[in-house]
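In this document, chain identifiers A, B, C, D, E and F correspond to the written order of the chains, with residue numbering beginning at 1 in each.
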């Protein structure tokens, strides 16, 4: 390439006009969150939640407090930094010229998350049990903790959900996308999911932002819990935050490929057959099959 | 293992007979393209297309030309090398004993790609806008650029498509597989896709080689735009390059799990419902629902 | 955070009660298998099976025995170690206090796997041919070996299947999950699959533990070969190991999104249409279409 | 180890008493400078000073501004951060509870350093020439730039010297130790060294803090330019900052193992023989040999 | 290269005859210690000894026990493994066919080392003070801990010395060579060195196996504390373990380049001048200058 | 920094004038040799020369040919590439505009080196024996192979010497500098050194380009075998390639800090005492002591 040729392309790519919609300029040199760091922080969180399975190989009982303490401390300082970047990104997107509160907010958020870790661990323990009970091919609860995509996706979901509730921008989404990319299971951090939840195989599962799922629910691959449609505002943009996804009550099973759309309720103990397309509420105890 | 035992297996695995269908021997020590390098080159391309979001954290306005210039220069020399490996691989597969033109061809191809980068950036800017407008859960355009699988898949697609048009072998396929693996979205580099395209969730989407998609089209997870069947030649091998995938006109929405097969046309502004199975053309403005 | 605050959380997370269901304590300091190592071992296996495509760039004919020999030797010692960890994990899960036989068992298992490599390579060679013949978009057999998700998934499957047959715990599952995560194709290591098998696109495919698949079978994305239901034992746990997945005979094609459940038989040469939901056996030569 | 045993050691190692002299507690969570980062920053600086030799392989003339610009920008932000850590470390050592000025100071320091880069490059260019002219074994100036320990040590020295002059704490010392460790040449950042300086072989050379060295001086391995003694203050601590090392005038050669101590002057054009022990000034043009 | 050519060289390099003196064959697949692991273990040890300076950036007072506990636990399991490799190497060198005791021995050794860490930290604290007091160019004690070669060399020495006393083979040597390579200071792990020891600059210093050095001693670069000669046994091999290096009493200063050989005693408070060559004992309070 | 400010410095640093002496521009985009690659190649060479000590942990007798063969093959292709870069660098330095012969030359050079490996291994085997016999502190020959700086320096020397003899530019120098940096021992690749050579401690040793050293010679730290002076040509540049360093005959011992300069001969079996300064030949059997 001649100098002139590359100069021209560089200039084009650096013009304000071409940059306007694709260039992120942080406030006072703040940078984007690091996806790589968030992956490592998630690995640390997994080693705190499931000690012996992840992190610190060969950890002994006498040293478990040291490892959990040291890892929590590292999570605290690293995650605080990433969450702050999330807040600052949000400020920049909103056109603010200052984000002086972001530091404090991120400190609070990470503290709150850490306080919820015992609860999160308890929930994931019930999820692992559900995986063992729900899959005849599993050999032990430990196998599901160590290698099932369901547990990977739910670990990221349950953590991102806490951050979502706390109002942390961007970071919950990144954490859930990490699991989506690895497992094909796409759970929005806003969804509410009860204990003992299991997704078998999982690829293609979508659980929308305003879903409410009870306890002891089981899904199979390819299930969508989605929105039927969404209202637009006067500018034609979708109105954010409206409850538009299903409510799934306790003890429901939804088989592979079923699509359930809109703010409807699947009554307790129902079974929704594979490939079913459902846009209306069903009574508790219903058994719905596709009418092929 | 005794020496004799391993010797035997090694010998078996090294016989011409067992090697014949699984051994790649490059022309004059040329090697296979490096998937790891191509990943890094894609990261560089993303930092040129979306500055501030990817690469060079904390880049300032005054230095944007330096960063884009230096990164383009690195892309130029590294991608040229990988594209050349793609050409040489193709030569070897075709049984040529020489690939003297591959160097020149790869130089031209990478120059052409770089020239198209302003256009590619423009298109991806419209795609990001489409993602923001099409997903009530999104908070800002920037969030979709930084974390939505749709943008990841389309970035790789739009780059691999340029290389596909230029006739570069293998490399476009590798680039699209990188995105397929990460997002579950499988877009063939040969497909033609207009501006403002959005795929929500995305897992399981398949867009075939000869698809033509207009502007402002939206797909959901699990949508297939595939071939109905393919003719075989006299040796029973599929005939390559025949138009066999759908044409989707502007402003079409296709909901999750729909399967659209064959060289049919989905008329402008149509809505294809979830799980629909469609093998015939539909008029503009059609609303197709599955007949469950 | 004050010292008191973090101390409290650490203590909570270290209590026996909260740990009981989520803490893995190996026998005599044995550790969990390393997923990272298993990935690298799989890369080594791919370089032995498909020399020239993977590993050792620029390998020449005269040195092929050296590379295969050295790589096999490294696989032998590294995989033996991981398999032993799998056995020890299983012992710990079963509550044993000793795993003195695990070393010997893992040595035997890795020897047996290595002995089967010529057969595995042969099978994968036929799979690559099937991919070339089955996809009009493919340009050469080599392209499918190097970049098709079908070959990635089948390489992991065919190796994990040998280990599964040998009774190795956990490791086959990890190996198949590696491919599931990368390709969206979930093949249980217990399934039996004949030669010349091809899965196009692949995302969302599920093939259950007790499936039996003949030769020359082709699947498309989103196909499920699953169980209809599974019996529970007196404690309400699923009974393990019962044949509960389909038998697919030679020369069958199953199109995208089809769901085939239960121990039924798809007769030789049948074609199962897209999105079909099938829970009963079909005769050889059947052509089944969804009754939309 | 029993729990009790390790607990005891951990407690001992965490007591205030045992920690008092060995524990660094930063002000408001500031951390120590990263030696690894400083190494990488030095690599960046070398690629700016000697383009084509270091960094950016295959850089072309047309893109040199881009590379230098992008690299300088990265140096600017990364080095600023490390220098700030140096200032904060110094504040903490001095017992301050606040280091609010450190950010501003570090910004100024890195700007000043960057402004001096053209001068530094000029000086290092003369040093490379001196190496070529002074070593019959060298084949070209380029060889000395790329592989001579003299140039490595002087690159680090000339950069650390600028930072030393600017009053930056700790960082100059770390940079000079990096070169000392790699080359065995220990030049204190405080020394003043003129152009066209060459140290052959270099191992064991020591050049003290208050040395003044003219232009066109050549040293061999094992030469010490040190202090004869140093006065103590009333508390018995050495008084800092007193001129206590030699002045070496232009065109002097000092052969291997010579030791020159105290604030004496080696007159212009002198030659100091190997292993000479010298504590008195010598006239210009002197030829000093050891009186063995 | 033709196949025949490389085959020939490989065969030559694999013959028993050519291998006999250069091939290490471990007992039952035991492997050599990992120098890389030992480096990382030394980094962990430094973070335990000097918390806040090394490892865990931003560690807070409230979490110091967690970090020290978790790091000690990691050191325990990793160092035990390397020490065991050292024992097994020694067994193999001695021609044993079994090394069943090595596991137990290494466990004991690492426990003993950990018990000595408070003492080692105390000694290194005095060494840091000595560096600060002995070098007018130093700005604070912390600067010497963080960046002085003296402290690096003494940290490795004081740890390797404990292992040497415990009879651990090979590992002490590797640890001291790590420091020798980085600093040019070669202290044999067998030497005994009292508190408050300082080596300024350090390159070229050699301290032999049977040296005994008191407290508050200061050396400069290039000082040798060596053996004058060593007796051979009847086979002409040097007799190992004889006291053959100097005894240096408290408060001695030895200036650069001095060479002190043989089992002689440098009396308390003596000063040995630069480049002095000394092979006879000197009285306390002596001031020895080279007679140039 | 304002845009203007950094622009100005970048421009200054990119001007032809300032670049003239410090910018390397390769012929047709050839790049500098990679020091990192050369380090890895040296590690590979060490694993071929001393199998079981370095590389391939746990290598067994039955697989030694595979490992040596595969490693040699990798060395062959990687080293050829680096040597070619060395030749091309030399062409560029000499102002050539073409380096078409460099490929062939580098192929020949690496082949010749590989042919000499059995000889090199034999010599290093004798060097290891010399280290064991010459150091009372050594416990076994294996310990010297694995951890003595003498063996590290001689491994690099003996390899770089072969390449030097073959006329390879730059690469031998880089390889010897790698060892110099790690051990403080600076042996010019041009020196000729017989078998059973040992350098104890080693820091500060310098062995010049035209030295000739016999068999069974032993040096201690700080010994210089240097040039007394060197003649200049009419332009004032040193005349290259003149024999100007000592000849040291068989069975000589040279103690620490001795300096031997000029083309003189140290007769067979002589002993040169520590710190001796010698510029005249000595008879065989001489015992030279410094006349302090």
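One rule holds in what follows: a contact is a pair of C-beta atoms (placed from the backbone, for glycine too) under 8 Å apart; a residue touches a chain by one contact, two chains touch by 3 or more.
Only a predicted model underlies this, so the values are computations on that prediction, with no experimental measurement involved.
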Using the contact definition given at the top, which chains are in touch with both chain C and chain D?
A, B, E, F
When each of A-D, B-D or C-F is compared with C-E, the one sharing over half of the residue-numbered contact pairs turns out to be A-D
Considering D-F alongside C-F, which chain pair is linked by more C-beta pairs in contact?
D-F
Regarding the chain B and chain D pair, does the interface count as same (over half of residue numbers shared) or different (under half shared)?
same
Whole-Å distance, chain D centre to chain E centre, using C-alpha means?
26
With chain centres defined as C-alpha means, what is the inter-centre distance between chain B and chain F in Å?
49
Would you mind listing the residues of chain D that make contact with two or more other chains?
1, 6-7, 10, 29, 58, 60-61, 63, 65-66, 68-69, 72-73, 77, 184, 203-204, 222, 257, 275, 290
Touching pairs - complete list by chain label:
A-B, A-C, A-D, A-E, B-C, B-D, B-F, C-E, C-F, D-E, D-F, E-F
Touching chain E in the complex: which residues of chain A?
56, 58-60, 63, 65-74, 77
Parts of chain E lying in touch with chain F, wherever the complex brings them together:
1, 5-7, 9-14, 18-19, 21-26, 29-32, 89-90, 92-94, 169-170, 173-174, 177, 180-181, 184, 186, 188, 190, 203-204, 206, 208-209, 222, 224, 226-227, 230, 236-242, 244, 257, 259, 261, 275-277, 290-291
Which stretch or stretches of chain A touch chain C in the complex?
48-54, 57-58, 60-61, 64-65, 68-69, 72-73, 76, 111, 114-115, 117-118, 121-122, 124-125, 128-129, 133-137, 139-143, 145-149, 182-184, 201, 203-204, 220-222, 256-257, 274-275, 290, 292
What residues of chain E sit close enough to touch chain C in their complex?
1-3, 6-7, 10, 29, 61-63, 66, 77
